[in-house]
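When the chains are written out, they are named A, B, C and D in that same order, and each has its own residue count from 1.
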Amino acid sequence: MESKTLVLGVIGSDVHAVGNKILEIAFREAGFTVVNLGVLVSQKEFVEAAVETNADAIMVSSLYGHGEIDVRGLREALIEAGIGDILMYVGGYLVVGSQDWADVETKFKQLGFDRVYPPSTLPEDVIPTLKSDLGM
Amino acid sequence: MESKTLVLGVIGSDVHAVGNKILEIAFREAGFTVVNLGVLVSQKEFVEAAVETNADAIMVSSLYGHGEIDVRGLREALIEAGIGDILMYVGGYLVVGSQDWADVETKFKQLGFDRVYPPSTLPEDVIPTLKSDLGM
Amino acid sequence: MTEQVSHNKLEWKELNEEREAVLAGWPTGQEVDLEEAFQFHLKLAPELNFAKRLIQAKQQGHTLAQPRAGVAELNKHLELLLFLQNEGGADLLPTTIDSYTRQNRYEEAEKGLAESVLEGRSLLNGFPAVNHGVQNCRRLVESLSVPVQVRHGTPDARLLAEITLAAGFTAYEGGGLSYNIPYAKRVPLEKSIRDWQYVDRLVGYYQEQGVTINREPFGPLTGTLVSPCISHSVAVIEAVLAAKQGVKNITIGYGQCGNITQDVAALQTLPVLAEEYLQAETIDDVEITTVFHQWMGGFPADEAKAFGVISLGGITAALGQATKVIVKTTHEALGIPTKEANAQGIRATKQVLNMLQDQVYPENPKLAEERDIILQETRLILDKTLELGEGDWALGAVRAFAAGVIDVPFAPSSHNAGRTMPARDNEGAVRFLSWGSLPFTKDIQDFHRAKLAERGRAEQRSPNFQMVIDDIYAIGHGRLIGRPR
Amino acid sequence: MTEQVSHNKLEWKELNEEREAVLAGWPTGQEVDLEEAFQFHLKLAPELNFAKRLIQAKQQGHTLAQPRAGVAELNKHLELLLFLQNEGGADLLPTTIDSYTRQNRYEEAEKGLAESVLEGRSLLNGFPAVNHGVQNCRRLVESLSVPVQVRHGTPDARLLAEITLAAGFTAYEGGGLSYNIPYAKRVPLEKSIRDWQYVDRLVGYYQEQGVTINREPFGPLTGTLVSPCISHSVAVIEAVLAAKQGVKNITIGYGQCGNITQDVAALQTLPVLAEEYLQAETIDDVEITTVFHQWMGGFPADEAKAFGVISLGGITAALGQATKVIVKTTHEALGIPTKEANAQGIRATKQVLNMLQDQVYPENPKLAEERDIILQETRLILDKTLELGEGDWALGAVRAFAAGVIDVPFAPSSHNAGRTMPARDNEGAVRFLSWGSLPFTKDIQDFHRAKLAERGRAEQRSPNFQMVIDDIYAIGHGRLIGRPR
C-alpha cells in the first residue's frame, strides 16, 4: 500500500514545538509520509506545501490561543489553489481560555476543518480515524 | 467595677478542647471571672453551673457538628431553672458541613441564643460585644 | 478505680461473659457470628485485606493515600466511599464513625440517623456502624475494590469492633491511650486500656483463625503541636499492648508538625522505636508500617491555601516514606467536606506522592540530630514508663500519665497532667516551652530552652504563652510560626 | 548574515538614528519622552520599584510570588492585575504580552484588540502594550501597589521596551538567546542579540540617570526537560551581555525539573556561576537575584492535581531560597486562566512559601554532587563558548549555538542544533540520553549514561526515545517519570 502524505505545522505566530515534534514522529511511525513545516507557519506555506507535495491531508496545530483568528480563510485559500477538498484536521488550544468544547468544535468545523481535536489528544487517539478518513 | 462571671463549655459529646482553652485565657485576661466546664458538657451541667455561680452569661461552644441537636431545649431548661433571661452566646462549627451562615445564625437564634459566632472567630472579635451586652 | 491493669494476654475463654454483655449493648450485637465472619474474611480477595495491601506498599516503597469520610445513611455512605475510590483514586478507604457512637450513645445516634433520613442530609458527623449492624456494614466491604478501615475516637470501642470486624472490615484504628486522652474527659485509663485489650484480643483471635486485621494507634492525639516524643511514646506503648494480645499487623502514626526535617525524622524513628521495644518484649513477628497525618490542627479557610497545606503534607509523607498518608480536604476549616472536596484532597496528594515516589529526603546531619533528639526523648519517656509500671506496660502507662511522664498538650482528659506547653522554634520545629514532668535530662531541657531562646531573640520577645497561642492560629492564618505581626 | 556582533557596550549617542527608526515602528512610539520618563521613575515610591523590592527580599531571605497575566483591553487588564494583587496576594505583578506583539505584528494585534473590545472577551493571549502606548500603560503602574514587570517572548523587543519603560515599568524579561531560540524559527542570533543589546543599553541609560530597572533572562527556555546546564549557560551569557550594556540588577532563572535535589542544586549554583563569570569580566557591581519557575511543561488537566504540581514548585522554590517564584495556575492545561484560578495559584504558593520561610533544604552529599555536576557541565559549556568567541561572549554565543555547544531541547529555532535529547533518570532528575555536541568530558558522558542505564534496568527497557516521549507526558498524566505502564 502506498504511503499517504501529511502536511504538518503550527499556524500563525505560535511557537509551541513539542506537540508538533511528537506528532511528526508518531505519524511517521504509523506509516505516513510527513512534511513537517514546524512552528510559525503561515496559511500560504500550508497551501504551497500541500500543493507541492500533493498531500493527502493537512494537520494544523494551534496552541497559543490565536488559532481562531489565524485559520480564517485557510479553506478558501485551498479552494483557490485547486485542492479545496483536501482533508484538514486541527488540534490544540484553539481559542483563548477554556470555552465549551462543543462550541469550539462547531466554530472550527464552520471554518472548514473536517475534524477538531482538544489539547489532551494523544497520537493514538487520531491515527485510526485519520487512516479511515483516508481510506487506508 | 465588679467582674462579670461567664460559664464556658463545649456541649454534647464534643471533645474539641483547644478553642475552649484559648477562650478561657482570653476572657480571663479581659477581666471576666471564668467558670470553664471544659468539653463534653451536658445541658444540665451548664444550667447548674450558671445557677450556682450566679453567672452573667453562658458561652457555648460546639465544634463537631452535632451542635444543632445538642443545644435543643437549653433555653427552656434555663427558664425552668429561673434564669431564663441570662445572656447566651454560641460559637464554632454549629452544623454538619458548611451551610449558609445566615441560615445557621437564624437557626441558632431561634434556639435561644443571643449571639451566634462562626468558627473563624477570634477572642478579640467577641470581647467588645460581650462587654457592651453586659453593660460594662 | 484501683490499678488492675496488666499487659498480659487475655484468655479468650475468659472473655465469653464479657463478650455477651458487650454484644447485648445494642440489638445489632446479636448479628455477630464469629465463625461466619472468619469464613467471610478467608474468602475475601487479598487486595481487599488492609494488612496485606500495607505490606505490599511497604515492600514497593510506595506511600498510599487514605481519606477520612463518613455520613449517617448507609447508601449515602457507600456512595461517598465509591466516589472517593473512583473519582479520588483513594488507595485505602475509611469509615469514620459519628461522635455519639464514639461515646456509646447509640440511642442518640439512632435519633440522629432517623433525622438525617428525614431531612435528607447527614446530621451526624460520621457513620453509626453499630446502629447499622453487621449485614448492612458488610454491603460496604462487598461493594468496594480497595480495603476499608474503621476510624473513630472511641474510648470503649468493643461493640463497634465486634460488629465492624464481623462485617468484614480489615483495619481498626484506635487504642487505650490515643482514643482516651484526646477523646474523653473522665474515662479512667485503666478502663480504656482494658477495653482496648478486648479489641486487640479479638483481633488476635481473628489472627489465630488466619485472618489478619490491621490495627492502628491514633498518632496525632490532639493534633495541635504534639511533639514527636509524646506521640511516639503513645504509639509504641499501644503497639506493644496490641502485640501482647496477638495483633500481628500494626500501623503506627504521627501527625505532621510542619518542619520537614523534624517530620521526616519522626517518620524514620517511629518504626525503629516500635521494633526496639517490641523486641525487648521478645516479640518479633509483628509487621510494622507507618502512617503520616497531614496537618491535624487548625486549617486555613481559603481552599487554595488549604491545597498548599495538603500538598506539603503529601510531600513530607513521600519524602519520609510513610506507608500511608491520611489526607485532609480543602473544607477542613469549613466543616465536614463534600465528597468532591474530599476527592480533590486525595488527587492533589496523589499527584505529589506519584511525583516523589522515587525521591527520599536526603540523609544529612540536621536530620540525624533531629532523629537523635526524638530517639533520646522517647526512650527517656518509655523507659521511665516501664520503670513506673514495674515491667508492665499497661500499668506503666496509667502511672506515667498520672505522673505527667507522658503528657499530651491541649488534651481534654482529666487523667492527663496538662503541664507541658509546646511552641515552635525559629525554624518551625515543635519544641517544649514547658516540659512539665517529662523525664528529660538536663541536656535535653537545655536544648529546648536554647531553641526557644533563639526564636525569642529573632522575635524580640521572651518565649511565653502568647507564642503558643500565636502558633495555634498560625497555619490557619497562612504561616507556620506565629510571629508577632 | 555575517557575524557582526560583539559584547562591547553600545555608544548611547550612536543609537540615536536606530532609536528613531524603532520609535517610528508604531504611532505610539512618538509618546516616548525619556526625560519625562526619568522624572516619573525618580518620583515613583521605592516599593513600586521591582529592583529594590527584589533586593529587599534577597536580604530578608524571603521568596516572592509572581503570577503571569495579560488580556487585550486596558481596563480589563488593570482589573486583572488589581485582582491578583488584592485577592491573590501577589508580591510582584506581570504584564504578559500577546503573541502578535511578540512577533512585531502590531497590525494584527490592533485587529485582535478591536475584536476583543467588540466581543467582550480577549481574543489575544496577552496585553498588546505597544498598541496601548505610553500613557495608557502608565495607568497600570500608577494604579498598583506592587512593582510590575513586562513578560513576553519577543526576539526584537526594542519598541516594546521603549514604550513600557517610559510608561514606568521597572522590570523587563527576556534576552537575545532566551527570547529567540524557544520563541522564533528563523531569527538569526546575531540579530536578536544585537536587538537585546539595544534594550540592555536603554536600561543602562536609565541606570545612568539613577533609575534602576530589573532585567531577567528567560530561564525555562522551552520549559520541557531542559537540563540545568543548558539554561544556566544561557542565563549566565545573557547576564554578562546585559551587564556589559550597563544593567545593574539582574534576575536569573531556572524552570523546575521535578527532582527536588536537582532543582535546589540548580538554584544554588545559578548565582555562583553568574557572579563567577561576571567577575571574570571584572564586573562586580551587579545585583544578582534568582527566579524559580514552577513546572513549565505539560500540566495535568485536573485542578486538584495541578494544585499538587503548583505546591511542589512553591515548596522547591522556598527550600532552594529563590528570590522569587513564577506561579502557574490550575487552568494551565485548560487555556489562559481566569483571574480567580490565577489568584488561587498564588495563594496556594504563598501558603507553602510562608510555611517554609524559615526552612532550607539541608546540605547533604547528594546535593553537593548535583551542584558539582551542574557547575562542571555549565563551565565546560561556557568556557567552550568563550573560546569559540575568541573572548567575546556575543560572538561566542552565536558560534556555540551553531556548533551545538549550547543546544536547547525541543526548540523551534533553526539556529539551534537540536541534537540533544533529555530524559529523566531513575529518581526523576533530568539527564541526557544524547548530548549532541555539548562539550562534555568522558566522565560526564559516563555519568549520564550510567544514570539512564540505571533507569533502563529498573524499567527493563534500554534507554531510548520512547522514554523521552513518556517523560514529556508524565506530569500531565500524574507522575514525574514516564514509566512504562
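In this text, a contact is a pair of C-beta atoms (placed from the backbone, for glycine too) under 8 Å apart; a residue touches a chain by one contact, two chains touch by 3 or more.
Keep in mind the model is a prediction, meaning the values are calculated, not measured.
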By label order, what chains touch chain A and chain D together?
none
What chains do chain C and chain D have as common neighbours?
none
Based on mean C-alpha positions, I'd like to know which chain lies farthest from chain C.
A
Per the C-alpha means, the centres of chain A and chain B lie apart by a whole-Å value of 67
Distance from the CA centroid of chain A to that of chain C, rounded to the nearest Å?
55
If you average the CA atoms of chain B and of chain C, how far apart do the two points sit, in angstrom?
30
Where in chain C do residues touch at least two different other chains?
none
What topology does the chain contact graph adopt: line, ring, star, complete, or other?
line
Pairs of chains satisfying the touch condition
A-D, B-C, C-D
Quick one: in the complex, what on chain C touches chain D?
258-261, 300, 302-312, 314-315, 319, 343-352, 354-359, 362-367, 426-428, 475, 478-481
Quick check: in the complex, which residue numbers of chain C touch chain B?
98-100, 102-103, 105, 108, 111-112, 115, 121-125, 153, 182-186, 222, 224, 297-298, 301, 331, 333-338, 410-412, 465, 469, 472-473
In the complex, go through chain A and note every residue touching chain D.
12-15, 17-18, 21-22, 25, 38-40, 64-66, 68-69, 93, 95-99, 119-120, 122
